[in-house]
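Below are two complexes that have chain A in common, paired first with chain B and then with chain C.
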Partner chain A sequence: MNKVRASVLMRHEVGLHARPSVKLTKLAKAFESRIDLGLSPDGPWVDAKSIVKVMATKAPKDSTIYFRAEGTDAKDALDALVTLVDGDFQDGR
Partner chain B sequence: MDDRTHRAARRIEGRSAAPGIALGPLVCLASVKHDARPCGSAAEEHQALVDALAASKADLGVLAREAGEADAEAILSFQIALLEDDHLAAPAFALIASGEAANQAWSAAIDPEIASYDGADDPYFRARASDLRDLRDRVLRHLAGETDQVVPAGTIVAADDMPPSMFLATDWQDGGLVLRRGSPSSHVAILARSRGVPMVVGVDVDRLENGRDALLDGGAGLLVVDPDTDMRATYCLRRAEQSQVRQAVASFSGPALTATGELVRVMINVTGLAELNDLDPAHVDGIGLMRTEFLFQGREKLPTEEEQYQIYKRMVEWAAGRPVTIRTLDAGGDKPIAGLTQPGDLNPFLGVRGVRLSLRHLDVFREQLRALARAAVAGNLKVMIPMVTVPEELDQCRALLEQAVEDLRREGREAQMPPLGMMVEVPAAALTIEDFKADFFSIGSNDLIQYVAAASRDEPQLADLARPSRAVFGLIGHVVKYADGAGRETSLCGDLAGEPAQVAALLDQGLRTFSVAPGALGPVKAAIARYAGSAA
Partner chain C sequence: MSENVGIVIVSHSADVARGTALMVEQMVGHEVPLGWCGGDPGGGLGTSVEAIMAAIDRAWSESGVAILVDLGGAETNSEMAIEMLPESRRGRVVVCNAPVVEGAVMAATEAASGATLEAVRRTAEELTPV
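After this line comes the complex of A and B, so read on.
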């Protein structure tokens, strides 16, 4: 099993709110690896597949989002998540 | 005179949340009580919650599919995602295992989540508490074996508050909505406006009685219970006009020609994408005025460049090559925006509004110009600046727009310099129109009239003064004549353009482009067809 870490600056205007969180957790669920999300490099960590937990971080604009993942597709998962956050969640669909 | 079977009409004033007229019986929705259910064994309670969660998810799925609209979909997809998250119900299942009833366990699990959103600093996160409440109550209704309260069509619904999911599940054909809570900027009000459902907020609904006859004037913020015969007749007529006008849009297709065969362009005024849903672009000559204020109102944060870009782009795509004139933020005056306009403006109509405000909030203005420059790549987009008084203001806007195009290209993004025009609504601008380096002009008759007459259009006592006078038509004629000579286009996008009785007078002034509310398309095209040339 490989463990991977990544971080990305979130520029979304209203922070990690409902629509971005829905997109983020949906994407995370598409991977088998266990994926955690935190607002600092040392956690605390929450399950990135849980919208309840992700929204509860109430991450504001300009937060850096940290990910750590463990599993067969860990690297792909974090690449995809970082691309999503970096691309401002393709807001407006 | 007063025969006892008729009660005196009772007028109740609230705040307007969505315009329109509705007539019908009052249906008062009681707050739902969910605690009347017997508690079974732990296994039964577990299953009851599993079933209620599944049923709620099914409800929301159906609503989301039917809603279709972006706003509605976004609100519902968040609730669905919450239901799909095992973390939400996990504490409830733990409580059930220790002997708690399913409904109490569910409330105990979700109430702390609601409280945590209620206590958030950020207004956006705070507003999500209502989504969670909506979800909590839906599951509780299923646990109590209650179905959604079904409201018959054609009624005026009165309630303390209404969650968006219920609004979306209701058939509002010919109906209206009255709430105690909520505000014109609540989610439900936004949905009501985009769907043409008359709505009034701030009404003491406890004093209302189920089944009484009522009429609702959403635009005036007025509810009348037991209206008298005259009132009913007046409003029946107004409602009939409303639906006639709405139908006329659909029936009046094709280009507008005068009786002598001269082509006149008739475009529409819009506030967002929702209004375009029912409209065939083939029936209009383009969008003459897109008011972007609505994108900024009724929300906790100003829209981002990306959000604006997506909306502008979709409008341009809808128009399929026809022009789409987008007016930059025209806030201030009668259109305040939290955090942007100045609340203490002594005389808002003569204060910091329109371009005056934009040039003082360059961060917001630049984002809008960037979004517009990007969307201009997608089709025939034009940018229009409101409340221009002196040429320097327009010059500044042009420089900012050029800068935005340059910046975007340097960032490797596609951008294009769209035609830049101005509203003509300040008399000073109309009188010196030849000084302005505008690519096109659009006359804003509402403001022009009140500035020319020094009479507010909102003051009923001055209705005789705040009219399209000879002075106003003189200015319009002056602008049209200059623009024609200079090879630039002039349109008129104020309410005046949508009044069939004024169409001939405007055509007399040489005006050949009208921009009207979608509802006025039919009547205005009909008035144009009757025009046989200048009476003079």
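After this line comes the complex of A and C, so read on.
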């Protein structure tokens, strides 16, 4: 199994609030891999496919989002998620 | 079962129900079948079994329908509406124990990924304070 890590600075004005959380979760769910999200490189980690948990992180603007993923499409998943956050959540699915 | 689970919003107020449905459409999208109803037939606050049944029909999905309700009568009337459905549909409609607005957005996010009815209900109910 592929294990991948990535991190990205989130500049979105309101942080990881409702709309960005929904976009992030929907994108994460499109991949097979297990995907976790954290606000520090050592976690604590939450399931990036859980809308309730992602929204509960309440990550503010200018936080760095850390991802770790494990699975066959782990690299594609993190590439897509980093692109979403880096692109200010504009191209959410 | 490839169809996404449908979401029904039942509030005493038509404005709340309509506004919640708008939030779901704008935050999650249109890939989830959606029905809503609110208010009594006279235009006041209330809920009606007939209107709930019609909303279930609009949101119908072979994968099932999750209903989000606000207070008291919205829940009992939703349960009554489920009992009055054809037997083939009755077992595939659930009322979620969750706040109506937040629950609807969470449930729809889960449903948009093709999740099962049980997973959709669980996600909405994760919000409920213990």
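Note that in this section the second predicted complex is superposed on the first by the 90 of 93 C-alpha atoms of A that agree within 3 Å, B and C clash if a C-alpha of one lies under 4 Å from a C-alpha of the other, contacts with A are read in each partner's own complex, and residues count from 1 in each chain.
Here is the rule we go by: contacts are C-beta pairs under 8 Å (C-beta built on N, C-alpha and C of every residue); 3 or more make two chains touch, one makes a residue touch a chain.
Just so you know, these numbers come straight off a predicted model, no measurement behind them.
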Combined model on chain A where chain B meets chain C, clash or fit: clash
Comparison of chain B and chain C by chain A residues contacted: B
First, second, both or neither for A:R19, with chain B first and chain C second: both
First, second, both or neither for A:R34, with chain B first and chain C second: neither
Contacts of A:I51 with chain B and chain C, given as first, second, both or neither: both
Footprint overlap on chain A, comparing chain B with chain C: 18-19, 22, 25-26, 50-52
Complex interface listing, chain C residues touching chain A: 27-28, 105-106, 109-110, 112-113, 123, 126-127
Chain A-touching residues of chain B, taken from the complex the two chains share: 70, 74, 77-78, 81-82, 84-88, 113, 116, 120, 122, 124-125, 128, 131, 300-304, 306-307, 309-311
Complex interface listing, chain A residues touching chain B: 12-15, 17-19, 21-22, 25-26, 47, 50-53, 55-56, 58, 60, 88, 91-93
Chain C contact footprint on chain A (complex, rising order): 18-19, 22, 25-26, 29-30, 49-52
